[in-house]
Structure formats: C-alpha cells, structure tokens
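Report on one structure; see the data block that follows.
Each chain carries a letter (A, B, C and D) given by its place in the written order, and its residues are counted from 1.
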Amino acid sequence: MSEQTEHTHHIVSPKIYVVILLCLLAGTAATVWASFLELGIWNPIVALAIATGKAMLVVLFFMGVKYSSKLTKLTAISGIFVFMALIGMTLADYMTRAWGRW
Amino acid sequence: MSATILSLPDQSTARIPKTNFITKENGLLSWLLTSDHKRIAILYLISITFFFFIGGALAGLIRLELLTPQSDLMATDTYNKVFTMHGVIMIFLFLVPSVPATLGNFFIPMMIGAKDLALPKINLLSWYLYVVGGILVVYTMVSGGVDTGWTFTTPLSTHYVNTNVMSTGMAVFIAGFSSIFTGLNFIVTLHKMRCPGMTWFRLPLFCWAHYAASILMVLGTPVLAIAIVLLALERTVGIGVFDPTKGGDPLLFQHLFWFYSHPAVYIMILPGMGVISETVSTFSRKRVFGYTAVAFSSVAIAVFGFFVWAHHMFIMGISNYAVLVFSLLTMLVAVPSAIKIFNWTFTLYKGSITFETPMLYSFGFMGLFTIGGMTGVFLGASGTDIHLTETYFIVAHFHFVMVGGMLMAFLAGIHFWWPKMTGRMYPEKLSQLAAVVTFIGFNLTFFPQFILGTLGMPRRYAAYPPEFQVLNVFSTAGATILGVGYLLPVLYLTWSLKYGEIAGDNPWQATGLEWQTQSPPLTENFVVTPIMDHEAYDYEWLEKQQAKEVASVG
Amino acid sequence: MSDSPAIAHGALAEAGDSHEEHPAYQRHHFNSVEQQADTTNFAMWLFLLTEVMFFGGLFTAYHIYRNWYYPAFVAGSHQLDVFWGTLNTVTLIASSFTMAMGVWCAETRRKNGLVVSLVLTFLLGTVFLGIKSIEYHEKWEKHHVPGFHYSLQSFINPASDPAAAAYGDKPLALDMARHTELYFFLYFAMTGMHALHMIIGIGILGFMIFRARAGAYTSGHVTFVENFGLYWHFVDIIWIYLFALLYLISRHQ
Amino acid sequence: MNEISPVLWQFLVKWMTNFALFPPEASKIAPQMDALYFFMVLVSLIGLTIVILLVVSFSILYSKERHPHAVQIEGSTLLEATWTIIPLGLFLIMFVWGALIYFRVYTPPANAMNIYVVGKQWMWKAEHPGGQHEINSLHVPTGQPVQLTLISQDVFHSFSIPAFRVKREAIPGRYTTVWFEATTPGTYHLFCTQYCGTNHSAMIGDVVVLTPDDFKKWLAGSTSGNSLAQDGERLFASLSCTACHNTRPDARGPSLANVYGSKLTLSTGESITADDAYLRESILSPSQHITQGYAPIMPTYQGQISEEGVIALVEYIKHLDSDYRIQQTTTTTDLLPESEGTVAGQQPKPQGKVNP
C-alpha cells in the first residue's frame, strides 16, 4: 500500500461517548450561565472559549480525530489555520483603519 | 532543423491498439455516464475549447472597438457587457479548469500508477456542474449579458445595474463547485492512490503542482461561494450587508471576493508550471534541477497564496497598516516563482536539448512568465501600485501571466501528451510555426499595454484620449496574429485524429509512468499495477528499460 | 446548493469487475478495502474543510458588524429566546451522541442498536428543526425578517415588546435600531444555512435508516455511516458556535 | 504605391505628432514614484536578460547535436540559496521604498488646502471651500499642497490623475483622501479608473494647474457667491440643528465651536479626535458618536442630506471657530429675513453669538 494505513480501525467505547456527552452538556450549561454574568469585555471571550472547548471535544472524540491518522489531524488543523487567516487578516484591516488618518 | 528525440514505430506496420479507453465502449451514454478519468478529461477538453473560442471572439471584439479613440464599433453598454463576458468566461470557464480538468484528470492517475481517481463519480459530477455553469453563462449572454465586470463590484452589482447579475452569479457558484470537486479528487488521489514504491519525492512535479493548486481550490472557492450568496441576497432582499446606506461595508465584499480570486490566479498558474516541469525535463533529457526546491516552491505558493489578497485593494481605503502587511507578504509569494524559473533554466544546463513544439511553448512560457512575474512585483510594491492599479498595466500584467504563462503551458501540455491521449502525432512543422506565431502575436498585443498602463489609460474604457491610439492599434494588430496562432492548433489537432502518424507507446522517450503503457491507454491504465523502483526523472533507468526491450525482442 | 455528501454515495457497494477475490462493496479501482475506507474518510474531511471556509465568510461578516454595531447586536440577541436556544443546543448534542453510538453499533455489527440510534438521531434532528421553525415563525410575526418590511418597533420602544422589556433595554436611537436589521440578516443567514445542512443531513439519515434495516451497514462495510457521522458532528459544531455567537451576546440585566 | 491617400495621410500625421510614451511629471511625488518605477524596470530587465541569456546559451551549447548525452545533475543548494535570497532582497527593497511613497501620498500634510470631490455616476463634482463648484474639472495652484477629500454618492469610482501619479478610490459611505503638490502649470487628464457602469469611460475631465496668482484670479472669477461654509450655515439653520446645537448653557446638544480637531470623549468612554470623517459619521449615524453627558436624542439624517450637503455642513462646523467664520455667520444671519429660517413653528436661535 502506498502509505501504511496507520488508520487502525480504533473503535471508541461507548463509555467515552457518555463522558463526552456529559462534558458537552456541562459546557452548554456553563456558557449559558456565564452569559448571565456581567463580565464586560470577558463575556465574548468566555463564550468563545467554552464553545471552542466543546468543539474540540466533538472533533477529538465523536469524530475520532484523536485516534485517526496524522493526515486527518493535519487536514483539520490546516482548515482551521486558513479559517483563522480569513477572519484574522480581514479583522486586522478593520481594526487598524482608525490608526492612520483614513 | 536540429535533430529530434521523436521515435515513432514503423508507420507501415504500426496500428492504434485495438482495445483502449476510447474503443472499450461506444455510444453517447458510455461517454456521458462514464466514470473513467480519461473520458471525463476528453469531455472537459471539448467543452473548455468551446468556451475558450467564445471568450477569444469576445476578446477580438474588444480589440476591434479599441482600434479608435471614440466608442464607435458598439454602444458603451454593449462594450461593457462584452468585456464582462470575456472576463467571466475566460477565468471561470477556461483558466481555472483547463490544465487540471483536462491534463490533470487524464494523467495524474497514470503518473502515480493508479487505475483511476479516488472518487470517479465525483469527477463526473464535477464535469456536469461545469456544463451547467457553462449553460447558465451562455443563457446570460443570450438573454442580455451582464455589465458589472468579472469582479461584480458592489454596490454597482447590487443596486445600480439591471442586467443578469443573478444568473451569472449562479453560473460562477455552480462552476465553483466543479472546481472544488476536482481539487478534492486530486488531493485524495495523490495521498491515497499511489502505486507501491511511489513515494512523495518520486512523484512527477506535475503532480506536486496539482497538489498545491488543489489545496487552493478546496480552501479558497467556498469563500467565493458565500460571497456570491451574500451578493444575491443583497441584490434581491436588500439585507444591507454591503450597502453603506444600511450600515453595511462594500469593502467587505472586496475582502471576501479577493480572498478567493487571488488564490484563483495561483490555481490557474500552478498546473501550468507542472506541465512546464515535465516538458523542460523531457526535451533536455535531464532530471529537473533542484527537484525538491521546485516541489516545495509549489506548496509555498499555495500556502502564501492565502495571505496576500488585499493587494488588489491598496487604493480602496483599507488601513495603511494593512497595506504594509499585505505588500510584504506579496513580495514573499513572488519568490517561489523566481525559484522555479531559475530551476527550469538550469535544467537545460548540460542537457541534450531538442526544439519540438512543446519545448518552443515552454521557452515562450519561461520568457513571458518572467516578465509577467516581475510586473506583478510593480503592483505589489504599494507605492507604484497607486499609479499603476486599475490601468492597462494591470491588464498587461495578468495577460502576460495568464495568456503568456498558463495558456502557453496548456498548449505545451496538449502538444506533449497528444500522442498519449489519441495515439496520433500532430504535424511537427506546422505546430512549430503556430507556436512562433502565437509568441509574436502575444508580444505585439500585450507589450504596448504596459506603456499604455504607465500613461494612465484606465481599464474597461470604450473611449480613450487620442494620444493612446497608436499603442492600441499595435495591440489590435497583435491580437489578430494571436487569433491566428490559436486557431491553427484546433485545425491540425483535429486533422491529426484521422491522418496523424501512429505515435506508439513512448514517442518522446519520456520517463513518466504514463509513457510506459500503450497509447491511447487502456481503461484501467495498466495491465498490472506498476512498481515504482526509480527516481522521478530517471533517464538511465529508461535506457536500461529500452535496452532490455531490444534484448527481449531481438 | 448540491452539497449533499454525494461522496458517501460514491463509496457505496457496486459490483466492480473483480478479477481477484475481494468483497462485493470494494470499487474496482481500489486495491484493498482499507484503502477505500481511508480514501472516502479523507475525502469527507476535505469536504468538511470546504464547509468550514463557506461558514468562514459569514463569521467574518458577523465579527465586523458586531464590532461596529454592538448595541444593535445586543438588542437583537435579546429578541432570541435563550430557552429555545439552549434546548436546541442540548438536542443537537444529544443527536451527536446518538450518532456516535450509531457508528459504534455499526462497527460492532449490532443491527438493532444501529437502527435505534439512527432513528433517535433522526427524531432529535427533526425536533431541532421544529424548534427552529417556531423561532422563525415568531420572528415572522414580529416583522424581524430583514427585507420584508422589517419593523424597528421593538427596538425604538422596547417597553412595547415583552422580550426586550425582560432585559430592561433602553430605547435605541433610530440609526442604531436600523442596524438591528443587519443582526437579523446574519441570524437568518447563519442559522438558515445551518438548517439547510440539517435538512440535507436528515434526508440522508432517512435513506440510511432504510438501508440499515436491510442490514447494509452491519456486515463490515461501515464507511457510509462513519462519513455521515463526520458530517453530522460538523453540523453540530457549527451550531455550538452559532449558539454562542448569536444567542449569548450579553444576557445580563 | 505612388502616393498615400489623404485619409491614410491624415492618420499618419496625427499618429506621429500626437503620440505619447510616458506621462508628464507634474507633481512633487511624480519624480519619486518614477524613480522607484525605473528601478523596478531596471531590475526586471536585468532579470529577464539573465534568464534569456542562460536559456539561449544553454540551448546552443547543449543542443542534441552538440551534446548528445545529458549529464544528470541533482541540483545545488548554493544556487538555490542565491536565487532565493537575491530576489527576496530586491523585492524587500522595493517593498520598503514603495511603502514610503505610499504613506507619503496618503498622509496629507497639515497645511494642505482641502478640496472636496464627490463622485457621482458618471461625473466628478469638485467643491472648493471658497464656494467654487466644478464639474469634471479641477483647478489647483502650483507650489501649494492640495488635499482631496473624496466620497461617492452611488458606486465605487476612482479619482486618477496620471500626470500627478495619484489615484484614490471614491467609496460610498466613507471619506478617503489623497494629496499632491502640483509643480508645472498645464492641463492634464483626469480619469475615473474604477468601473462604474455604462458611461465609465465618459467620466473624465481636466486638471488645470495654474500659477498662484492665476489661481486667485480664477477663484475670484468663478465663485458661486456663497462659500461652502455659508451653504452649510444655511443648511444648518434649515435642518433646525440650531434647536439643540446653540450657545445657550442648557442646550441639548454640545456646542460645536472649536470642535473640529479637538479630542472628544464619547458616551462609551473612548476618546476620539473630531476630524472630517467623525463629523460626517455623527451627522449620519449619531447614536455611536454621542459626546459624554448628552442624551442620544439626535435623529439620523441618513438619506435626507446629499453628500454635497454633508460636505457643506462639515465645512461650516470646521470653520465655526475662526474669526472669519464668526464675522461671516453674523452678517449672513442678519441678511436672512426672519421668516425664511423658521422651520415648522420653531424660532431659529441666532447662531452668530458663539461662545468666545
């Protein structure tokens, strides 16, 4: 085979799925609760942090990236990287517009 | 002329092999429902040539109009519709799909020793999406055209024109998905379908270039899709996302549009570079100089290609500090192209060079792409961009890179692999003449436009001040020669289908796996899956192979 | 938008011309079943990348307009019901869980377990869409659908609207109130695109339940279920971000 | 062909005499930009000749007859390094030089004379502060930095003067600026270079550069009677801005005297300098620009005032502090008959008395 398929077909046991489910539900509760607090600038940061945490759980366990090949991990990371490039560099323009005079 | 490496079988006895991918099944349905990557490549080749000549005719109309300072050949809004259609057809229906969908589809599986692409049905779906997009573009042309330019600048395209922006947008949206599926197919195939022994650094550079272009296709095109969906929503429902009176920002559309459209120019040029690596290596009988450098510079272009898009917007009022960032990154992305040009040049060193048509087109590519690349740096440096942007300097720059670069490479690839695709040779002398005519016509057409650009003649003008007329007359004269140069190949290539000499398996004695099987190839490409036991461009291995064959036959 | 995972269909078993012995569902151009499974899995991941970039454009627009018109976004998000939003998130997480269980059942060849979890995922998905349609209907009633004679009533004087009054919103100036239309455009664009992906997913789920009952996926060939699982989890992740960004901008008094 | 037909002859004469190869250099920035341009042309020519020389010489030296057996060469990291670092070095030089020119062109000096330019589908309208209004033409003096504040009323346009080497996009919804200092008197082309619809190619005009005293004569000769500030003052009154922005201590709106250029703290706590863009934004979407301590009750005028009207208002507010304006406002208010200034039952407060 061209590339040794290290994708040994790892079957994730349901116990892990249940634990992840509970973590996700806890995360949802936490983020809803956090949004009722007055945290000023920290509100969006906390909300996004919890959302990213939940997303990581889903990606690593439900989608099984944790057990899959380096290639799948690289694909996921490159996708996020270009997504960040789009948002980051566009916002860089909008944030620095006020610095110079127009 | 000098000696040639062409070695054809004895014409009296040579025959086209009885069973090959063309004769395996016949009937229209066997072509329209095929999942054979080679047949899909032929379908693409026919549809792409059709759209290329519509775009070419529109280019001719533009050049005729610009023969005189006044706009007298056609009304100004007709001229606007003609150059918009020229842009949309040439970019979305010719430049983006041409080399990947025809030569890439046909040869990537053969080069890596696979029976077919990883997802054949998706490949066919990609062609059908292309055809649906094409039909929508033809419908747009027939039912009144669109006059927003291929860049669909908002708020012009959303509030100030009443032409078919919606149908063009849908056409580009659907053709975009065709490009996504082609790119996705190539990445999966190159990762998962390589034959035993075919490591990444034994892959032909053609495959590396397509791998890089496919990354851009897969990650860039969806952003264009969302930009068009938002444009359509803004135009129909008036949601205000790009409309300043409702608080939206028209520059947001520019950001989303150019986030795809700059990687799109690398999607167009990288496959062309892949073809040039193959032709330069074969016709100088040498391994490409600095194989890893060329391979990694393709991937470097793909990675850096995502961070430079705002150099199209330097004068549009984005923040001065963002201009610094994007101008610096544009300079970085220009370096890999320079590396590739010098590597091809040094491949010729100590080679054994012959000057068949593919090599003439490759020389044309190297010269014109160098000029095109350098003038890109003029526009990347933010200072000179103020004066040169949105003038004919830009038109000259991207025509040098796209027509001088990509189209020359496409013609080089078509001539190089024609014997493998059809089993027939094209007429050598006539095609060398066509290559030289194209080169001369090209330079006469687009070099004056650089001077017009520095003079400040704006893009997309139907009428211009009289002192620009002389250069425009040269440009139109060049365009007629270019037109002839592009018509010739269609004639003699179709002629060669019936009357061309029988090419045999390896007319150019090239080292790629695709040359080690019959031409035209079998449907499953190889009788037994090849084992790759030699480096990418191993001419010694080829000589041993031919010596073995002579010994076994003798 | 024909973006249903046609890829998954591509991997469906067709009797390839098997000159050497291999299972019926292996397509002719693959050398082994692992290669085929690996390939379609990788193809699915690449397809999900295109979806990430597709939603990326919307997220960029969201970030810019949220910074520019923050008060309008706060007032707009008060119009959304946190209860429905949380319930939807819980529903979708649960459906992700049942989908994961479904993949586990397919891998361990438990036919009934597979059918039950797929049906549960199907039901949870429809519940999600039901809740969504309730919310959309409520927006339609209040004329908060951008472009269709959008009314600023509940932003100019929030007292008249119980949802806004609950948070004691101060009345917005007219021009800021107008920008709430941008908020609702982003709301409908993002959740609408997400709902479209849900509808496609539920359609394929129905097809899969029908095939699973015929025992198609519990005889070793699980790639179709696995790939659909990836797609479903991806749609769940998108909703996790949408919930955080659209519903929870600032819920404190 | 014994003699050339008159028709063809007329073309040949016109072509040979009316044949341009390089734009004139008519502004201070032009020679600097041309220096960078010719540096780049030089580098490109050198690069091109190197590539062509190498390709041609290798093709001759190593053609098949002269060199039938190719020598396989793997590559050389030294050569790879040279043609990575040298192009990178050259490109970085161009980057820095270009960025310097870019910042010079798009950062107007303080003493620049401001002219407003409004792009509208298919014409340019230049508005001089002194009240001169020009369509598709722009008169500027030599030796004096001139800043253009551009805005578009509908779609993207781009104000381009090739002879000055300056170009700036006119965007709907936001001011963009560019400045230049003309050096040689004459008439130069003005183009719209961003595609803006059917008559995009007719949206052209002339930039007439005059010596300072010719420019004064022209100013005097073509004034429309009212300066922009006076137009702004009349609009300020007719839109009943004086109802809140007056000089009385209990005024509901902040006093606008000396507001231009001052540092303001907004109700959101951030502090910002009040420049043209800020004044325009606070007229059209006031709720984000409420000065601290005032209620957000100002209505939005989005869609009620044309771009020229906003320019006139901004001009008026900018000149509310200079003595010339106070004297100018008082005389204009006296000239205004009492009735004309009233709006629906509201008595206009005389705006003349601005707090000292």
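Things to note:
The rule is simple: a residue touches a chain if its C-beta (ideal position, glycine included) is under 8 Å from a C-beta of that chain, and two chains touch if they have at least 3 such contacts.
Not measured: the values here are computed from a predicted model.
Between B-C and C-D, more C-beta contact pairs join the chains of B-C.
In this view the innermost chain, defined by its CA centroid being closest to the centroid of all protein CA atoms, is B. The geometric centre of chain B is 38 Å away from that of chain D, both derived from CA atoms. Chain geometry summary: the mean Cα position of chain C and that of chain D are 46 Å apart.
Centre-to-centre separation of chain A and chain C, using mean CA positions: 16 Å. Looking at chain C, one finds that residues 31, 35, 38, 42, 46, 49, 53, 56-57, 60, 64, 69, 175, 178 touch two or more other chains. For chain D, residues touching at least two other chains, in rising order: 106-107, 174, 176, 285, 302. Residue numbers of chain B whose C-beta contacts span two or more other chains: 191-193, 219, 223, 247, 249, 252, 255, 317, 320. The touching residues of chain B, when paired with chain C in their complex, are 114-122, 125, 129, 173, 177, 180, 184-185, 187-188, 191-193, 218-223, 225-227, 230, 233, 236-241, 246-249, 252, 255-256, 524, 529. Residues 69, 71, 172-176, 178 of chain C are the ones touching chain D in the complex.
On chain C, the positions that touch chain A within their shared complex are 31-32, 34-35, 37-38, 41-42, 45-46, 48-49, 52-53, 56-57, 59-60, 63-64, 67, 82, 86, 89-90, 93-94, 96-97, 99-101, 104, 107-108, 229-230, 233-234, 236-237, 240-241, 243-245, 247-252.
Residues of chain B that touch chain A in their complex: 191-196, 198, 215, 219, 223, 252, 255, 259, 306-307, 310, 317-322, 325-326. The touching residues of chain B, counted against chain D in their complex, run 2-5, 71, 76-77, 80, 147-149, 151, 153, 155-156, 159-161, 244-245, 247, 249-251, 284-287, 289-293, 314-317, 320, 323-324, 327-328, 331-332, 334-335, 338-339, 341-343, 345-346, 348-355, 363, 366-367, 370-371, 374-375, 377-378, 380-387, 389-391, 451, 454-456, 458-470, 473, 539-540.
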